[in-house]
């Protein structure tokens, strides 16, 4: 079998860290080759090297048997290598077409960009691979799933033969993931070779032929996917045994903590995003809110947490009407919130870790007295949280939060929010992009919070997470409640149907 | 980032490079770099190396400190806004309205010395705060870029001040281009009559502002929320802070600091209400001071002193037959070297890495 | 030789070994600097001229970067023990009065100020109204002869000095051409050529034939507008101020200028005389007035653009003022229908 | 009405340098680099143009004003390349490095004047040697509009209009423009598409220097008769305001520039307008600035500048 890509003995040093240490990956043509590893294992780095964004410190790359030097993405492109990045590289205020043709624009005879011609070509490609994108839509107006398909189109537009996907499914709904898997298989059939980075073993099992496992920058080995179980792969990756299913007792629901009544809200464009939505969350239970991205989850969470105004309806927290309270008032009334976007909303990345811990309570004793901060108390508290929640960073509480890994940043937020012992805990996408080890830990903390008597509202796009963690599952479709069921009485299929609005099943939830 | 190459070290390197460049220019243009050194040493110590027999003359030192007072304040003003994520390019206007407001109190209210001076300063600061409030408010509640508003307000401050002074204050009949002199109760007293320098008790306010700046930003909850807003206003909003209000407060405080600069200059140096013909450039100097001082209190104090040295030394340079533009070139060079510090750090790190590698190579 | 004053060396060294009889002059300028093509420059030229004539005079200057620097800069020279300290402009009045207090022995010349006190302080003032009267006559006559009905005046900012300019100009224009309208504009800005240009354009468009400016850098725009109009074939003029500004109004290739004449303020005479007096040991404090009769103000010797009969008329009025037949008022008329 | 028509050519004269300099700022910011040193580039451009015009026209060189303008363009670009180097290669804080240039240019032009002319300003050039106003034969006959836009207008004003059109075309119609704008929005994306972000930003910044240099030349050559320390007196900052007011768009810049020029002219014309005469002079001096703020308040929308503008570009940032 011929190798499409060979990366031999690649080493890559960043200041202070060796991200790849003598890694060798050989990819057979016309296969899907997966890369597996914990957060920070060096997966993105090695793929960026292949794509010409970084230069390896040492090592050789061969494409179709020929040694090459990929000093920039242009060379990668000309070698037929394309990449969908973990964080999409799309210009928000450009249209789909503009994003796709950027750098390879077709011209009219006047030297202007021939948008029309490009859009036509994109429509055709989109049809051929079943991608269904509108070439004239602006990126800022389309869903994440659609954005990803734009990224795929970018590669197809450039006739890439070797496609790199860096965690493509982290942001997709189950249906979208399923579609993506089909697309990938389709692509391979059409003669493409795919390199897939993912944390999800199930997906590897589903589409990949081979899988290379990385741990702490080192190559642990390459396996044949069909001969290996998920458990074995996970162990290779983490270096120890892992628990897959969350261990939890049966819920003991008590009084209603959060009560949403006939809520209506608009999104930032002024369109109705949440419609006549009602939901109760009780103390001692986890209610999972499932739904395809863009069906009103964000707006709902904003309305509950006070980040956006609601149009009508009301929200009660412990019987108190909080509909019109400001953010601070709601937090004080007993709400904790793990936001969806940890960089934008969750953390002040330029603060040292310890200052991020007190972002809610800096005005309270003992962290400040008469408006004066008390550094010693703050330090003590930071040390406590770091220990309690196992937050790891270079310089402990003094580390600049920006320098910490994504998983540990998330742990820091979880630590801060859960330690407030709030009556209501809203967690949105708590494990997005995290490795199984971190996920396991965070899930267990959420369950512990429930067991301590908190009401937990879990909003997630990952159905597995919802099914594993929730006691009750609410489904939102087009801003409306399309399902409210007990977790043990349902399955992935049924939830999927509710998420797509095909069936509606509200109210047969036993208390 | 490598902690080894600390901010202070980088700034020092920048200063040294800036001075070297100055020496070079002086040398190329055929003047004596020693004279330049003498000019700066004279400002710094009062000692005249060109005439070693003369005693130390503290006047030069006091003049240097006098020069430092307003630019430290405008530096703090720019720095404060900077720490909250805002660019206060409106120091010029805040300075002028501060100056004018202080003049109003000085000329229209009768009071004993100490309360009068304090009232003048406070009102000057309030006027500056008002001038800072406008861009802050428009930024927070109307999402209008503070830079444009600040630039516009500089000009408005100039003409509006002049209008108020001409219309409501008693104009000096000799010139018709300024007010009559302030009563003695509204003049910042000189610290010492030892020299002819006008170095005055305004320095107390400067020190106070420096301490407050540090204290508010680093030690209070209010400062904490301002810093959070500056680094990531969305996260601050998520945490329930009143981001809009913080934006307004921060610009008001920045304005008050520039207003204070206007007040101490008019009360300590001019001693009469001014009709402005041009910008004095204290606000723009403040930008340099704040940026070179990395927007922290100690840094601003040091860089304010440095720029004052270059300015007052620059005046002295002319006594040594060196055009004062040289000192401007040195200032530019220092700012420039501070600007590229990040790159310099990277290079230094690379160099270190290189050294490491060499060592490693030998071992292997 | 110890004499360091040469024309290409704009800043001479006051340092170094110099014989005891050396006379040192220190000149402090405002922010405009030594080459402002106006006030500072003229004062400085007077010093230079005296130094050229005298063997033992050295001189240097300090340009202030900010108004707040005036006192420190004056003090620096006082500390240097210069034999004469020169400050040009009423902006220096307070700074000079401080210096005089701190260094009562220091001999100082200040220009455009007459209300200070000090044993060793000489205050030179100029009769700008008289000089302005003359250019007013020139403007009025020229306009009248050309059959035009209006002239104009642009100032930089209001002040007592500006008032004197304005007063003299009015009286001069109306002395020879009583029906003449005068456009008056205040740019409220000394440093903005584009404002000067706009105001000049406005006045010319409204029918002004000649515009007199007393507006520093702003006046530059006034001259530019006039030159441009002449270049385009329009018949308009501009009158310069302080120095002979003929050069600045050049247009075309034959060295023609749009500057009709200029109101000279011979600040150089004041500084020249003061330096001479120091050398002679005759320097005295007090107010010295440089009027028309002292040659302190006037128009240039060469006025290529003035008609000979206009020059003759100006000369005649000069005589009348010098004789005391005519007195020029220092305050301007404000409410007059002829002022637009 | 007659006055308003008469004011128009003057307003356009005042607007022209602002528009040109703001267009420069537009290119720079669209490529992702903030250039607050427009003031410095204008100073250097104005100085270069004035100096060359004095020297060339005294030698009788034909088309001296155009040669001087081209030199001004180059001098602006040369100066700003310091800023480009610092902010693109040395990862400088762009505000700081721009500030350095502003401080630098003030000293530099005067220092050079002293070397060349032995004075703190350039010598005066002959007005005949500078741009002369022009009228467009047929168009000027159009009632009202003809007198406003086609009679007694500097060629530089038309150049500014053309530059607006050309800038719009380049930025929004050509592949180059698409690439340049992408660098100002999300340079990591551009890089991943094989666009040379460093090169694009250099082009953007150099363009800003070139435009601003030309703007300085236009300002000095159309409103003054020599260059001196106060020639630019803060108009570079007003140009930045024009850029922001114009919402980082060439047509917006055109509108904002004309608006500003008109407001200023109106202020200066106030004494000729019956109702306005009574108000104090200062009122009109501050009129354009107040009006600008008011218009911003009335018409402000959520428009913000290019997203990545002012941010240090780190190719490895994720």
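The first chain written gets the first letter, and so on, giving A, B, C and D; residue counts start at 1 in each chain.
FYI, a contact is a pair of C-beta atoms (placed from the backbone, for glycine too) under 8 Å apart; a residue touches a chain by one contact, two chains touch by 3 or more.
As the structure is a computational prediction, the values presented were derived from the model and not from experiment.
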- Message: Going by the touch criterion at the top, tell me which pair is linked by more C-beta contacts: A-D or B-C.
- Response: B-C
- Message: Quick check: how many Å separate the C-alpha centres of subunit A and subunit D?
- Response: 45
- Message: Using mean CA coordinates as chain centres, what's the gap between subunit B and subunit C in Å?
- Response: 35
- Item | Whole-Å gap separating subunit C and subunit D, where each centre is the average of the chain's CA atoms | 34
- Message: Can you work out the whole-Å distance between the CA centroids of subunit B and subunit D?
- Response: 28
- For subunit D, write out the residues touching at least two other chains, lowest number first. 110, 114, 230, 233, 282, 285
- Query: subunit C: which residues touch two or more other chains?
  - Reply: 188-189, 191
- Task: Return the residues of subunit B touching two or more other chains; collapse runs of consecutive numbers into ranges.
- Result: 159, 162, 166, 278, 323
- What are the touching chain pairs in this one? A-B, A-D, B-C, B-D, C-D
- Note on the structure: subunit C residues touching subunit D in their complex are 8, 10, 33-37, 184-189, 191-199, 201-202, 205-206, 217, 220-221, 223-224, 227-228, 230-232, 247-253, 255, 258, 340
- Once bound in the complex, which stretches of subunit D touch subunit B? 82, 86-87, 89-93, 95-97, 99-104, 106-108, 110-111, 114, 230, 233-234, 237-238, 240-241, 244-245, 280, 282-283, 285-286, 289-290, 292-293, 296-297, 300, 302, 305, 312
- Message: Show me the residue ranges of subunit D that touch subunit C in the complex, using the header's touch definition.
- Response: 6, 10, 13-14, 60, 110, 113-114, 118-121, 123-128, 130, 132-133, 219, 222-226, 228-231, 233, 264-265, 268-269, 271-272, 281-282, 285
- Message: Help me check something: in the complex, which residues belonging to subunit B touch subunit C?
- Response: 35, 50, 57, 59-60, 63, 66-67, 70, 159, 162, 166, 173-177, 181, 196-198, 265, 269-272, 274-275, 277-278, 280-282, 311-312, 314-316, 318-321, 323-324
- subunit B touches which residues of subunit C in the complex? 11-15, 31, 60-69, 71-73, 75-76, 78-80, 90-91, 93-94, 98-99, 102-103, 113-115, 156-163, 188-191
